[in-house]
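Consider the two complexes below, in which subunit A is the common component and subunit B and subunit C are the respective partners.
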Partner chain A sequence: MNIVVAIKHIPSIADDLPVKGNNVDFDSVDFVLNEFDEQSIEQAVLVKEAVGGTVTVVGVDMIGELDGVLHLALAKGADKAVKITGDDPAADSHQQAKWLAEAIKGMSADMVFAGVQASNDLDGQIGPMIAAHLDMPYIGGVSSVEVAGDSATVNKEFAGGVGAKYSVSLPMVVGVQASTKPPRYAPVSKVRQVAQTATIEKVAPSGDAGSGLTFKKMAPPVVTGHAEMIEGSSKDVAKKIVELLKSKGLA
Partner chain B sequence: MAGPIKAKFVEKEHAVVDGVDISGHWNRMFEQRVITEYTPELIEKIADLPNAESFANCYQCAKCVSVCPVDIVGNYGPRKLYRYAQTGMDLTEAPELWLCTTCKNCLRVCPKEVDMIKIMPAAREEAILQGKFVPAELQQAFENTAKSGNPLGQPQRKRDAWIKDAGVEIPIIKDLARPVDVLWYVGSYPSYHPRGIDAASAAARIFSALGIDFAILGKEEKDDADSQRLAGEKGLFEMMAESNIATFNNYEWKEMVVTGPHELNAFKNVYPKYGFDRPVIHYTTFLARHLDQLKELLKHEVNVKVTYHDPCYLGRHNGEYEAPRKLLEAIPGVELVEMQRNRENGYCCGGGGGGMWMDSFTAKHTTMRLSEKRAMEAASTGADVLAVACPFEVSRFADAVKSTGNEHVDVLDILELLDKSMRGE
Partner chain C sequence: MSNDIFVITEHMDGKFSDVSFELVGKAKELASALGGQAVAVVVGSGTASNVFASDSTIQVDDTALSQFNPEAYGKVIEALVKDKSPRLVMFGWTATGMDLAAWLSARLGVPCAAYVKNIGADLTMSCQAYGGKMSADVAPEGDMAIAAVLAGSFPVEAGQGSTAATTMASPVALDGLKTKFVEAIKPAAGDVDITAQTKLVSIGRGIGSKDNVELAEELAGKLGATVSSSRPVVDAGWLPRTRQVGKSGLKVKPKLYLMLGISGAPEHLEGMKSAELIIAINTDKKAPIFNVAHYGATADLFEVAEAMLELL
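Let's look at the complex of A and B:
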């Protein structure tokens, strides 16, 4: 089983997002691995552990700091790491999907995993577009994958707590929402050991694509209202809440 | 391995030994229990790990169990771990692996020097390296420390954001560009946690009023990672230690003062093994040294009954019991009362050894949180204030007084009490 995991390095939202011009100020923000990609790496390693094979992790190096993420993926059980030297922190999901698809093309993948979406654009397009470029079927919103021979059983989640079980034939692209088990922990000693010994294959970006969208303006949300903090003892606070509800005709 | 062979019993309706009738219920045992039915394999598995050798020393006297804070709220204790291993429990796969807070009370009383402070980190490291179960919350704290430099997962560049509201100028050593007397290592919780920031701000005001020539590392400061080490992530600890030592050695300072006992333990007792050997003291020791000068600043009465919780890593691990008490007694109006378990036998808040990041996991294996047990002990003294000297404790006890119905007990760092007396607020 030859599994490829396409990952995305995205600006961290642990802090307020700094804005410069009409985009994120990429120089003053940390980049992190998309959290859904953590799930998809885990799912790929679980499949490999179950049926054998290799896991190749591939991502676009947006700011020259992807190595750390790739080392982590290798420490968690991936076998190969590839970085596409994009060096364009503003590359959108259409462009990244094209670069990823071109890099994956020669890998004769049985399965391609991608996080179902990423918190920077939330458009969920990486997986479907890779599938389109590679002419492979796509299934997204997946929460478990079991492979048997050249087919797989996947659970897909729908809105409202509805789930469905699909039997799919390979090769195909899977958009992972959650792995069967929570992502494993990679001890730092292992990550550091990997960092010293691993080789990361570099691939030049190939192919142009864009969403056709241009940023006109980016700004932090405007604060329009304030929460009123009611102070005092719990009895006083409760009394004030009741008064407030009454005054608004709600009680 | 087949299950252990049950010890044979001898059943006699009527038994007389040396003229004494010892007849009893059928399960009364008249023969010695055969203990050769147990294999030492799982004990050796632990004792073979580097630093965990003393696990094999246990001779089951159980002195440790009576002082183990986890046993008081559950069923645990070093002796029991040995016994469980003897009867088939692999510690690296058992929930018991994560319950020890490394409080050191067992080692204090152990006649065989079975050192859980070394055994537990070694066994946990083995579990982590072998990809065994690691509580999810702990895993998150590890990942946060590796990614953000602090277990809370807060951004590194916000580490000194708190200083603007402290009310006094807090110099950053990099900007100061000159040697200082005191490098104050603030710590992760005092830098980010709202209640920790209260204590840090109080410390800044006290240092400033005392005229101490101090500076902090600001955005260059990172977590000491000692609790992560005790929780089994030695690789992470070493990475953080290397980075911190390089930062510390970039600057000229005479003495380092730390807000937290865990940092004290890290920098004083563990970092020397990694090449860092400079003077480090806890703020209570430091301020007690300035007591005469400090007393002149403590102008306002703080009329409260205070009980003091000895942090394990300040007391048992580093032998400082008196400085915190001297500081509290120096505050006009304060009446200091002791809890039954104090000083060398002080109870543990549950935050050490990674316990800080395993609360929900630990709660599933104990009858109540250690912090809740301690909050109840504090309340039973009739104290108005539970005073602490460790940044882990304020948030732990603030939650615990609420969950045990003791909201009337205020949880305050000694720094906050000193600051109250200094400023009259």
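Let's look at the complex of A and C:
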């Protein structure tokens, strides 16, 4: 089973996002792995462990710092790592999906995994677009994958515990919401060891596909309301919350 | 090219989701500004579709479409859109719309905006990106565009009506599909029903570990509340799926929603924003949840919870 995981390196939303012109100021943000890609890497490794094969992780190197992410993926059980030397921190999902699809074309993938969404998917996610380019079926919102022979059975979530089971003849693209088991932990020592020995294959970006969206403005949302903030020490806060709840008959 | 606005509606077990009505209402407004028609598109089998206030409703009917199948639905919608060339195709940014919008965009080479919160008469779209921390205004190039719109962005009522549907057969052959619907998955029974609780203490990733869930349980116990959570807490296996609030979880409307360490991502807000009293504790003073909560405190959840326990 040839499994490919397409990942996105995206601006971290842990801190404030600085703005430059009409977009995020990509020079002053940290880039991190999309959180759903952690699930997607885990799901790919779980499938490999169940039926055998190789897992290749591929991503666009947005700011020249993808190696760390790829080393972590290798430490968690991926076998090969490929980076597309995009070097354009503003490359949108359409562009990345095109580059990724071109790179994946030569990999004879049976399954392609991608995170169901990323927080900067303003023009849509890479998973369904890679599927469109490779002419493979796509199912997103997936929280379990089982492979038998040349077909996969996936569970897709709708809402509130309601979902559907699909059977798909491979190859296909899966948009992972959550892996069947929570992502494993890779000890720092292992990541370090991988970083010293692993080779990361470099691929030049190929193909053009912009989103066709022009950014007019990027700013923190205009808020219509804001919480009344309770100030003071944690003890003060606790006291005021308890008083508030008591006054409303809720405690 | 036309100035029509297509809404790809969604339904399950014969019932349309709120987002479909929300989009039809908005489509009517846009269509009248652009001089086109608001068209509700229903892909299904035998679905009763005379429920929209659209100018017209197209129902593509085939037994292969009786359940949502992204491959089959995608093919049908692609063929229909190619044939009718609407100005804008609207999807919900939902479990089903998320499978189709970007796919269609790449297939047709047409721009797509996701996380859409609002759409102007010039089709400039305001998108709530970066986990709700940023709002981006984007303008699509060309004669056709796709919008994947967050649920809850527009009122439901404006899209409700009784326009008669015109039924048509699938514009593409639906044999040889690689994707087969096997069966529906029903929610696990047996746990408390969080949608029926009047008070919820809801924990997020900020709770840090499974061991710390106990603290929330204790606080909830003292308040006569039940513990619910954001999605990452469930994905980590710290609480069962039945406790998850949000887009892919349950929608709740308790009298009290006390939030400990939840950032307020749009997917979480979808499930709780109409709670009567929302109190949020978060160490990040810029956490988006403070734009929604009634009361908030920039504080450590453990310290606040411990201190509350002493007072209760």
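Points to keep in mind about this one:
Just so we're on the same page, the second predicted complex is superposed on the first by the 219 of 251 C-alpha atoms of A that agree within 3 Å, B and C clash if a C-alpha of one lies under 4 Å from a C-alpha of the other, contacts with A are read in each partner's own complex, and residues count from 1 in each chain.
Simple rule for what comes next: a residue touches a chain if its C-beta (ideal position, glycine included) is under 8 Å from a C-beta of that chain, and two chains touch if they have at least 3 such contacts.
None of these values were measured; they are calculated from a predicted model.
In the superposition on chain A, contact of A:M129 is made with subunit C only, not with subunit B.
Judged by the touch definition given at the top, the superposed model places A:N2 against neither subunit B nor subunit C.
Once the two complexes are laid over each other on the shared chain, residue contacts for A:T180 go to neither subunit B nor subunit C. Comparing subunit C and subunit B on the residues of subunit A they touch gives the larger count to C. Looking at the shared chain after the overlay, A:D30 reaches subunit B, while subunit C stays out of its contact range. When the two complexes are overlaid on their common chain A, residue A:L250 makes contact with subunit C while staying clear of subunit B.
In the superposed pair of complexes, A:I241 makes contact with subunit C only, with no contact to subunit B. When the shared chain is aligned, no partner comes close enough to touch A:T85: not subunit B, not subunit C. Residue contacts after overlaying the shared chain place A:G141 against subunit C, while subunit B stays out of touching range. By the touch criterion defined above, A:T54 lies against neither subunit B nor subunit C after alignment on the C-alpha atoms of chain A.
Put simply, subunit A uses residues 182 to touch subunit B in one complex and subunit C in the other. Touching subunit A in their complex are the following residues of subunit C: 12, 67-71, 74, 95-96, 98-107, 109-115, 124, 127-142, 145-146, 148, 178-188, 199, 222-223, 231, 235-237, 241-242, 247-251, 255-256, 258, 277-281, 286, 288-300, 303-308, 310-312. Across the complex, subunit A meets subunit C through its residues 11, 13, 16-17, 23-24, 39, 93-94, 97, 116-117, 119-125, 127-129, 131-133, 137-141, 153, 155-169, 172, 175, 177-178, 182, 209, 211-231, 234-235, 237-239, 241-242, 244-245, 248, 250-251. By the touch criterion given at the top, residues 125, 128-129, 131, 134, 136, 139, 142-143, 146-148, 153-155, 157-158, 233-236, 238-239 of subunit B touch subunit A in their complex.
Only residues 12, 14-15, 30, 32, 182, 184-185, 187-192 of subunit A touch subunit B when the two sit together in their complex.
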